[in-house]
Amino acid sequence: MTFIKSVFMYIQKGEYMKNNKSRFIVILLMLSMVAVACGGDTAEEVVETPEVTEAPQETLAAPATTAPPPEVIVVWAEEKVATALDPLVGAYEAAAGVDVEVVVYEFGAIRTDVQTAGPAGEGPDVFLGAHDWVGELAANGVIQPINLSSVSADLFEVGINAFSYDGMSYGFPYATEAIAMYYNADLTDGVPASWDDVKAACDAAGTELCVGAPGGGGGADAYHNHPFVASAGGYVFKISGGFDPNDVGLDNANALVSAEYLDSLVKDGVVASTDYGGSMSAFQEGRSLFWMTGPWARNDASAVNYNVGLIPAFGDSPATPFVGVRGAMVSSFSEKKLLAESFILDFFATVEVQEAMYNSDPRLPATKSLFAIVEAADPVAAAFAASASNGIPMPNIPEMGSVWGPFGDALLIIRDQAYGTNEETGVTVNSATDAMKLAAEQIRTAIAGG
Amino acid sequence: MKKSTVFRYLFLAIFNSFVVYSIPLTITFESWFLLSLILLIALLVNIVYFSDRFLPMKWILPGMIFLISFVVFPAVYNTFVSFTNWSTGHILTKSQVVNILESRTFTPEDQQGIEFDLYVFQDTNLEFYYLADIDDQNILFGKAVTFENINDSNFAVHEPSLIQNGDIIPPSGFNLLTGKDQIANSTTLQELSLVIDKNTRAQLFKISVFGASTGLLSSTSQLYTFDESSDSITNNSTNTICMAEVDNFVCDGEEIDPGWRVFVGFDNYQKLFSNQRIRGPLSLVTKWTFQFAFVTVLLAFSVGLFLSLVLNKENLKFQRIYRAIFILPYAIPAFVSVLVWKGLLNPDYGVINTWLSPLYEMLEIEPIQWLKTKESARSAVLLVNTWLGFPYMFLITTGALQSIPKNLIEAARVDGASSLQTFWRIVFPLLMVSISPLLIGSFAFNFNNFTLIFLLSGGGPPVIGSEVAVGWTDILISFSYKLAISGGRGNLFGLASTVSIIIFALVLLISAISFRYTKRLERIYGNI
Amino acid sequence: MEISKFNNWFKEFGWRHLVALIFVVFAIYPILYVLTNSFADFANLTNSKLIPDSLTLKHYKLLSGNPLVPYSDWLFNTYKISIIAAFFNVFLGTLAAYAFSRLQFKGRRASLLTLVIVQMFPSFLAFVAIYLLFFQISDVIPIMGLGTHFGLILVYLGGSIGFNSWLIKGFMDTISPSLDEAAKVDGASEFQIFSKIIAPLTRPILIVIFVITFIGIYSDYILAAIFLKDKNLWTVAVGINTVFVDDFNADWGVIAASSVIAATPIAMLFIFFQKQITGGLTAGSVKG
């Protein structure tokens, strides 16, 4: 405050008028500097404006076509995908006369940066991301609908659905993944067909823990535990031409029955109270017979002699895991939307490219023809694919953001048997039913915009 | 002139030329944030360094420039955001939204799904022409025009002669473009359409370098048209008018995505304070946040100070090695060490419970289920944070202990004071004079220690019966993060900024009070 | 040793060693896990065993020779950025601290406090603001724009005054003003007093602050991730988080190895610098 006051006083008193001679020299000096800057500045300005030079004319017969400098397609992808994609784009660059710039981004950062950089004019043309981003990105107006009709014949339904929002398609699906059940092949022959038989299998094998699944041990994980609640008629959001945020099915009769069954499994010691790290080390060290997680863990699982089977069924209903789909999307702030779409549909979507991508970064293909190739060669991949075929895509609507917290917490309470009463609110959760009802309520209130 | 004055003026000259150089550029690029920042800095620098006065500012200004640019500016921006409705569906400006909506096309019912080969020609004037091979009766050729010229354009004409036996015969004077050529011109081509009839046009939708490009039919009208005077858009396929309401266009009672960002004043603050379901958890979380920050600083400081006193002895062997070991926890990235602790705290096989098992047996209690109950999770969080924080405290107190004049301590000894008395009466107060702001700073840091809570407990065992998902170890910032990402329709950045402003206000209050207190300390002990 | 001699030793030194050792275990045990995980074939930080079943050097090999993982570049970048930023941080902080300590002006304490408090603003959305600001800087002044080390270092300088200055000022306050007076009598300018007398005497605290700032900067992930998109320009934090951390799992072996590699020089540095920090201070100065 005092600084500002003294500045004012200083200017008022005109103290700067003293020492004229030295000031004069200084002002001269500064003016000359400024002149130099201005001179350099205008030269810079000329350089700054985009050049519209005529590139060397191609000598064709009849009218020559103008050849502007090569277009650049900017593609954002996460590390593993970028590494797989980078060597492949050379073919397209040569055939199309463009430059394809593949930029490596941390996966989560793609989702947020596309929305900050895009509107600021610094975003990508194409980016590779997860299908559950679509709702948020479409609602924010940052992605462009893509017409998939030319390639949809060879795509699985689940992939197409995953990228549909509000009746339009927003991405080309290229990989799907879902969890299944790893088992220790040295200790058992396979995964029992039904959860009722799992305990017997574990007793026979004599391991300390039976099924290690993330979502317990203080680490909430709704993604992994979805099958426990949603396989026999429960659901997060009802699917009716898209996901309906107004119909939450986590506390319908079927879901409650399933939740109580999970509770009994935990009480019987069938499902252990582990978080992701705990379930991983239990399986790696041979302390658990089964590990319920996804294809990304194959490397880690190879600490033991493992194999993969379907998650056991719940009575008559097969297990319904969440399916995650990866796809290529176009930013609505791209100035080369036609080019971006062509890049995806004409190049990225071809079986050759998809196969090369698979070889370098194996994920279950969303393309039928490639899938057939993979399935024949890799039985473990086939097992994951079979599991995914029973699954449903994670809801891609923005309201899903309100689900993970309450859903995960409710499952955590069941998995850790953390029932009790909250003295402050007076609410009691003494059973799985209570937990699920509470979660459904929390979700509904959040969505209603409380 | 003194040498220093010459330096000063020279530096100013260079600096100002730099400023003059950049200002026109900021205007060209419409970089308003940057422009205002540059002007502010230029003003300050010139005033401070041109004059012979303002001596203190000459020392402080260099650092302050960075503070203003990278701390104050984001804080101001944050405050600004808290007064907006920034959330999912509302991140763009209104003009961006209008652009996006107006660029959407729609296809009349009977034309949907019809794809066909589309060929592109160029004539001697470098104008583009399309040939749409829709079916045998419709091999349509015509000039490709921009959207504004659609109504003036002639309809495409059926020219079967152009395709013979699957080969394309360009008319004379026309050149057929290969896929590569089409790509080179793609930015122009994406704006062009071939007019088929009054209501239909064909557009290039996929350029193929390996085969024929594809076209699609769509309506000659765009899907939405914006009318500035009535502030509404018209949906041309259903012929409805959608008015702009606050931050969305609304058609038939339904909000159209995307919406835009708009200034909403104190709405967010109101929502926070009047929202019943948030209030309960909010007070719970606030209480714990204070407890957590305070206890954590107390513990880390006690351990750190204790250790630096223990090691503060001349001729102590291995002194340097001990000291180096004690800062190691500080040198390992937090996300690695917190995860390790999670493993150590595992109730079944973690090393903590293994070491404590004799104790459990002796007291005949069950092993503590770390991180699964309220008390154990809170204790775990405090324990791990002490481990993370004591090196910093150790480092600072070691440095600060050196600043206490040794002659003071000797004088006290000579006067017959015991070690304990020397410590409490002389060393400790002097230490507090220089360290207390750091304790306050550490308090502020831990008040917002998102990383630890998120990685170790994820907010902790869920609070049962809360209307909003919250955990027993959630602190204000992790709670506001949960609120922000779980808003009814996705993310609520505006609301999150509001919470962070409130957090800052709280921290400010505590700090102001604490600094008052330390002023007293300084007065008493500052002049020894 | 005779019992009384042992007793004396224990009273003077022994108990200190005992206490130190207990806390050494406390400090080091989790770090040992990191160390052993870096040699583990199937690394998992939440393992139940300290010594893994199968050992391997493959994580270290990955970090030292893989063209897809330019780890040595990342290390170099990290140290370069951290050292430069920490150095200038300390420099600017010391300048400001000198003003608050030695120069008399109204509102000294209040303004210092303001600086400290401003720094406490929760930077929840700060990175968005900085992102936007630097978009604009990239257009106008490309050498310090997004994607440059220069720009990143500048952002780190935002924290140079504030806490640092307070701590340094506190230290400076204990230097007797008679030193200043003596120098003035000899005809020294303000800046000379600063550079030749005051600053060297505050060296211990300067080094402490340098170390703290250095560690803070090299562990930073968020700001570095915003700025650096070119793989070869990444810092270790960005590189490790982008390449080795996935949705659910992460390559813990490599991450552990990286932590070990990055932390070792710091520990070495600290051993080396200790003399500077704890060396005799005001010995020889004029007693006030």
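Order of writing sets the labels: A, B and C. Residues in every chain begin at 1.
In this section, contacts are C-beta pairs under 8 Å (C-beta built on N, C-alpha and C of every residue); 3 or more make two chains touch, one makes a residue touch a chain.
Source: prediction; values computed, not measured.
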Which chain has its C-alpha centroid at the greatest distance from the C-alpha centroid of subunit B? C
Have a look at A-C versus B-C and report the one with more C-beta pairs in contact. B-C
Name the chain with the Cα centroid closest to the overall protein Cα centroid. B
Please report how many Å separate the Cα centroid of subunit A from that of subunit B, as a whole number. 18
I'd like the Å distance between the centres of subunit B and subunit C, where a centre is the mean of that chain's Cα atoms. 23
Just the number, please: Cα centre separation of subunit A and subunit C in whole Å. 34
Note the residues in subunit B that touch 2 or more other chains, in rising order. 25, 57, 339, 342-343, 346
Contacts with two or more other chains, residues of subunit C listed in rising order: 44-48, 105, 128, 132, 135
Among the residues of subunit A, which are close enough to touch at least two other chains? 3, 277-278, 281
Listed in rising order, the residues of subunit C that touch subunit A in the complex are 41-42, 44-49, 68, 105-107, 111, 128, 131-132, 135, 225, 229, 231, 238, 241-243, 245-249
Interface with subunit C, subunit B side, in the complex: residues 4, 22, 25-26, 29, 31-34, 37, 55-60, 62-64, 66-67, 69-75, 77-78, 81, 303, 306-307, 310-311, 313, 315-334, 336-337, 339-344, 346, 349-351, 387, 390-392, 395-396, 398-400, 402-407, 433-435, 437-438, 440-441, 444, 448, 477, 480, 493, 496-497, 500, 503-504, 507-508, 511-512, 515, 519, 526
Name, in rising order, each residue of subunit B that touches subunit A in their complex. 1, 5, 9-10, 12-14, 16-18, 20-21, 24-25, 28, 47, 50-51, 53-54, 57, 88-93, 96-97, 100, 103-104, 113, 115, 122-124, 126, 173, 175, 177, 179-181, 183-187, 189-190, 204-210, 213-214, 216, 257-258, 275-277, 280, 284, 339, 342-343, 346, 369-373, 377, 457-458, 460-469, 471, 482, 485-491
Across the complex, what residues on subunit A touch subunit C? 1-3, 78-79, 83, 103-107, 109, 116-117, 120, 122, 214, 276-278, 280-281, 284-285, 293-294, 296-297, 300, 302-303
Residue numbers of subunit A touching subunit B in their complex, please. 3, 6-7, 10, 15-16, 22, 26, 29-30, 33-34, 36-38, 40-41, 44-45, 48, 60, 62-63, 65-68, 70-71, 92, 95-98, 115, 119, 135-136, 138-142, 145, 147, 149-150, 166, 217-220, 273, 275, 277-278, 281, 332, 335-339, 341-342, 345-347, 398-399, 401-406, 409-410, 412-413, 416, 418-422, 424-429, 438, 441-442, 445-450
